[in-house]
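Some structures are shown below for you to check.
The two complexes that follow have subunit A in common; it is paired with subunit B in the first and with subunit C in the second.
And then the complex of A and B:
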């Protein structure tokens, strides 16, 4: 049958793209028993290409043995976390054009803090073990579900809005300094996941969760370096979630951990004098006996001029302003956890 | 040999929902997936999930049913559609009880937004990350229910023993090696096959693996010619820009600056149904009024404030992948393959013609979407029919116990030889070359508009590619994380699905829903109100047909 508009089957210019040349230095590792090496690849890619697109061209055209994970290529599945120039990125969310324009050759390597399997592929098992360790599911605490939905106001829902954006890519864990020194530290992703439940007004297990999280390798072991916030590609801000867990733990009166006591001294000391009294910090954090054991270290610090005179008055001139701020914050903080409600009777 | 009562292949929304439901029945359940569950493509769904809760305005499952039947262009099976629309509210409440973080109205109830071709605001959502929220809440439940997951295991075969499903064979991507995983019940939930098209919103993982496995095992694939094209996808990588941009007042313009939707849909304009808008765009571009193979999605008149508050995700995608800031410049967009209505032919519980083999989600065709899916219905289908398949498969184990079907050692040995041969093959072509040719062939000749001559060419090209794919050469011959091998297996699956698609499309001499023929422009209910079945016949596609189930709604002209 002759058709007048048969040309409509095919789009004109469907594959026309502007190209640029990009060079990547890629850390290659063929698995146990082999030695990592860095190889350079130069490929032509579209000017809109991401790091993932560039890796795809390398794999398709130059080296089929290159291994990396990918799936959605739109920054939602969390597969393609890797390091570029030493910091974690999602390969699919990182445009290459700025680097090409600047004449900078990027170096691509696997994420940190996780064992490497091959090339850019890391073993995510330790990552998931930590997520599993925070009891990552809703627990109403034995309360039966309502017939329809739980009533949760937009304000209550907003409490965990940032944490709900997490795609579990591992970029935060890759850059976590605490995990670097303590591989058992629960880490930013698992702790952000934990807050997703602690902050959920439908969850009835917050107290137990906070007790667990306040132990060794938990919330107080974070060094507050903020690398996780900086490297998160989704705006989850895991460090903020850890801070919120700390706040919740205080509210629940769970503050036996040294980290919690340490934080408490900051608050009390600034309230009293407007400044932090550093000489109080150690004994109040770790207790007087342990503090005495630290005396040789204290003398060492004193010799280096790192200890302020403990006898000098250490008080701000006008402490009233600090106290007002302190009271304002206290008044704003909710006194108890809110819980989701059921539909009103007869509704 | 590994053995479980129920094995679910695929871990998107349908697969995880099925696994959870089967596990609740006290049987031994495992999930086999080529990706970690949270990496699955369900997580990319943006808009929402449809259920007639009536939270925003009055609504009913009957109204949802009618909209879906009409949207399907009367190819959907009405019994299946009734089931989904009536069970949807309960399934949504259950997701909420599991912990899904949905958007709320001020009174704390689930918010519902209006979506295309729906009679009421019916779409439950979580901002523009509904899929992400669902995939994570289902994974949480998978952990809670202690379901065993074989992660990064790529399924290579469904084993049938004496007419019953005996389990699957799978390649361990991380460590290498073929494993036999026996099961009395196998549920396929492997998703769609958008990657057979050059322009697609689908993830790299959407390669039709489950459909191809079922087809080779002897199960017909249904309505494979129906591929929905989404009107607003980016040229650079196919990423979807949500319908919300047009919902908020965005315009579509051609190279002359004209709002061309005025021609085909003067009332609905940019908010006409997806197939109508895709066809209008495609016409503009093919007629030479495009801009670099695209039309322009213009949001500039909405102002920075509205764009930043209502459409932040879309702005970010445009900045990341098109290099344009929609506050200042229009976004170049074009239609891209988005959702495959066709799939493994199953009954209303998800069972195939092979006892013990089930399918759910986009991999399956129940059929609730018929010739055209409505926005918000795909996530709902994954949940409702995923649950039903898990429920029925779990109950089958409880009532019948071990099916007795077994995987013979010789079957495993044959598969190991096949993979070894593929790994060791010399002198063939790189899979990537064939993949690109296939994707361009499909986009150019089996896209939004189809003709006999274009489809004939497409079919010949696909057949030639299938021949060439028998002679592939891989560069990676190792067993450690060999994605080269997996991509070759995925290519074979896509080519088989493509063959079914073009064969079905060539035969269907009418225009219905997403299948638009320039040489047969009308819907022809007398000849074609029937499902296409594609059978595996010595490696070739053999066509057959079966009637559409009609309960209440006789076919009417579909206009909006």
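And then the complex of A and C:
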């Protein structure tokens, strides 16, 4: 026994480590042409062990052919994304003790929405392609060789603080519902990265970026399922970044896309009548021609009483209040994106 | 469960999903809970105002929460996932940041609107009826067992995720709907897509992507033998019900899955009259078999 569990007995001698037995069900896949299968492994690990520690013991002691990625073991490199019980986690950030205590055997499988190469290793190429597509670098807008540095206040740098935390692990992409339906959707990681530059007060290319991002497979593809915020191990909250991109696109007047028009109708509805008027939503969102194509369908909705009569009054009481509020906030709202200033020469 | 709630039906239940409003009023009455109306509230801003005009959304939410406060209730009751997330998110921002609350209140005051003190909790009907004494009360009034009815629970997104803003139950393994379905005497069907998206937020702008999402729960629930689906969200309801025929075209299979609002299912088990549950307002109609399993009177009353 001393030899088999050498790594643990050494630790035990030195630090008095407590041990526990953990069982993992791991989805194995040997690559193209082979059938995936699930295998169970039981190993002894320290009670402080993470999922990654447990996999390391499995690979070391039971099955050297098991493939997974790892590097830092401390939630900074972004290598060890995988699914546990169907949801993406960083293996090195997931403690096993709660599952052992609950008597629950976890199932480990590769992340979703990415092709599987072997076992728990996915092909990250499509992920990187999308990140590269959003031009993930600063474009100062023609100022190639600044004489003086940009001055960025703490408040301004806080605008992109969350988005700057991304470690490119892919956990947010794994369960993204829109990417599941449209594999070309840029997705949460690339869009959070896009906001990291759109929101950077030193960037001079935001308008062009926003135009690009408002097209097909861009920000208006996001179905707001919030899986990305739920999964992200670093608190980036990609869905919130996408909402901020939408807000910036709206402010820049880039509302040519259907999704942005949809948002615009919502805004006008509360302004005019308090509650959302769905009758206006359909034609204004998809444009008149598409709306005519929708007609038989609208008729079906109307028959079931789903389309409120646009002439019937449903103004919320005291709506004048809301109008005053709208005007006040519009007057306060900055009309343009904030830009950093340059330090004076010689400063 | 509180004795009184500031009732926030939201846009859909006020305008096009009136059956949700009437069923909610009926079931809460049987639970002996008073709903206090807030006559001058607006739309919560859904995801869209939130996105396009984030500051306007925050102020609209503060105005709604302030009205709830002045109703004398502790809790604002929602019956829509999107309202729940939107109002809870605004509420968290306002209550965790006194400077932000002061700024918003100053603006409200300038616009002649009473402010918000930060004392309201926002909770969905599902949470109130599936836990604590709300659940005990419901079991008392669920007198008509819906035995034999197979129900597919569909949670939708914004009542589960992000858990740090919602936090009622495990977002990957929720059980509140199942608990209620079983309390109705019916059988809960399990299927993976019950926690996924219905596609509604993009169904007008990106119909193909949305339908690709919508077919998943419909297909899985149909294949698992569900008689009906139940959801706590009127937007999910609209998507699952009104777009069901289009989803069937995409899936290349037939769907005949009536979609019930949570309050309608609870109402059927509590013996609420069909005139208040108003199933006739749905696009996918109830078959005779389902009507029987829901213990509805065989002669359908006029709407």
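Methods note: the second predicted complex is superposed on the first by the 296 of 347 C-alpha atoms of A that agree within 3 Å, B and C clash if a C-alpha of one lies under 4 Å from a C-alpha of the other, contacts with A are read in each partner's own complex, and residues count from 1 in each chain.
Definition applied: a residue touches a chain if its C-beta (ideal position, glycine included) is under 8 Å from a C-beta of that chain, and two chains touch if they have at least 3 such contacts.
On a predicted model such as this, the values are computed, not experimentally measured, just so you know.
*Asks:* Under the stated touch criterion, which partner chain does A:205 make contact with: subunit B (first), subunit C (second), both, or neither?
*Replies:* neither
*Asks:* Output check: A:221 vs subunit B and subunit C. Expected answer is one of first, second, both, neither. What do you get?
*Replies:* A:221 contacts subunit C only, not subunit B.
*Asks:* So, does A:329 touch the first partner subunit B, the second partner subunit C, both, or neither?
*Replies:* second
*Asks:* Taking the superposition as given, does A:137 touch the first partner, subunit B, the second, subunit C, both, or neither?
*Replies:* Touch status of A:137: first partner only.
*Asks:* Please work out whether A:185 is in contact with subunit B alone, subunit C alone, both, or neither, and reply first, second, both or neither.
*Replies:* second
*Asks:* First (subunit B), second (subunit C), both or neither: which does A:248 touch?
*Replies:* Neither partner.
*Asks:* Thinking of the overlay built on chain A, is A:165 touched by subunit B (first), by subunit C (second), by both, or by neither?
*Replies:* First partner only, subunit B.
*Asks:* Would you sort A:124 into first (subunit B), second (subunit C), both or neither based on which partner it touches?
*Replies:* So A:124 only meets subunit B here.
*Asks:* Which parts of subunit A are touched by subunit B and by subunit C alike?
*Replies:* After superposing on chain A, no subunit A residue contacts both subunit B and subunit C.
*Asks:* Residues of subunit A touching subunit C in their complex?
*Replies:* Those residues of subunit A that touch subunit C are 85-87, 177-178, 180-182, 185, 220-227, 229-230, 237, 239, 243-244, 246-247, 250, 257-267, 269-270, 274-278, 281-282, 285-286, 297, 300-301, 304-308, 314, 316-319, 321-322, 324-326, 328-329, 332-333.
*Asks:* Applying the document's contact rule, which stretches of subunit C touch subunit A when the two form their complex?
*Replies:* Within the complex, subunit C touches subunit A at residues 11, 14-18, 39-43, 45-56, 59-60, 63, 85, 107-108, 110-113, 157-158, 160-163, 171-172, 192, 196-197, 199-202, 204-206, 208-213, 238, 242, 246, 280-283.
*Asks:* Taking the complex as given, what residues does subunit A use to touch subunit B?
*Replies:* Against subunit B, subunit A makes touches at 1, 3, 5-17, 30-31, 46-50, 53, 59-61, 63-65, 67-79, 93, 95, 97, 117-119, 121, 124, 128, 132, 136-138, 145, 147-154, 156-157, 160, 164-168, 197, 200, 202-203, 340-341.
*Asks:* Quick one: in the complex, what on subunit B touches subunit A?
*Replies:* For this pair, the touching residues of subunit B are 35-36, 38-41, 43-44, 53, 92-93, 96-99, 101-110, 126, 129, 131-133, 136, 140-141, 143-144, 174, 198-199, 203-205, 235-237, 239-240, 282-283, 285-288, 290, 292-293, 317, 320-323, 334, 430, 432, 440, 443-445, 447, 449-454, 474-476, 478, 480-484, 518-519.
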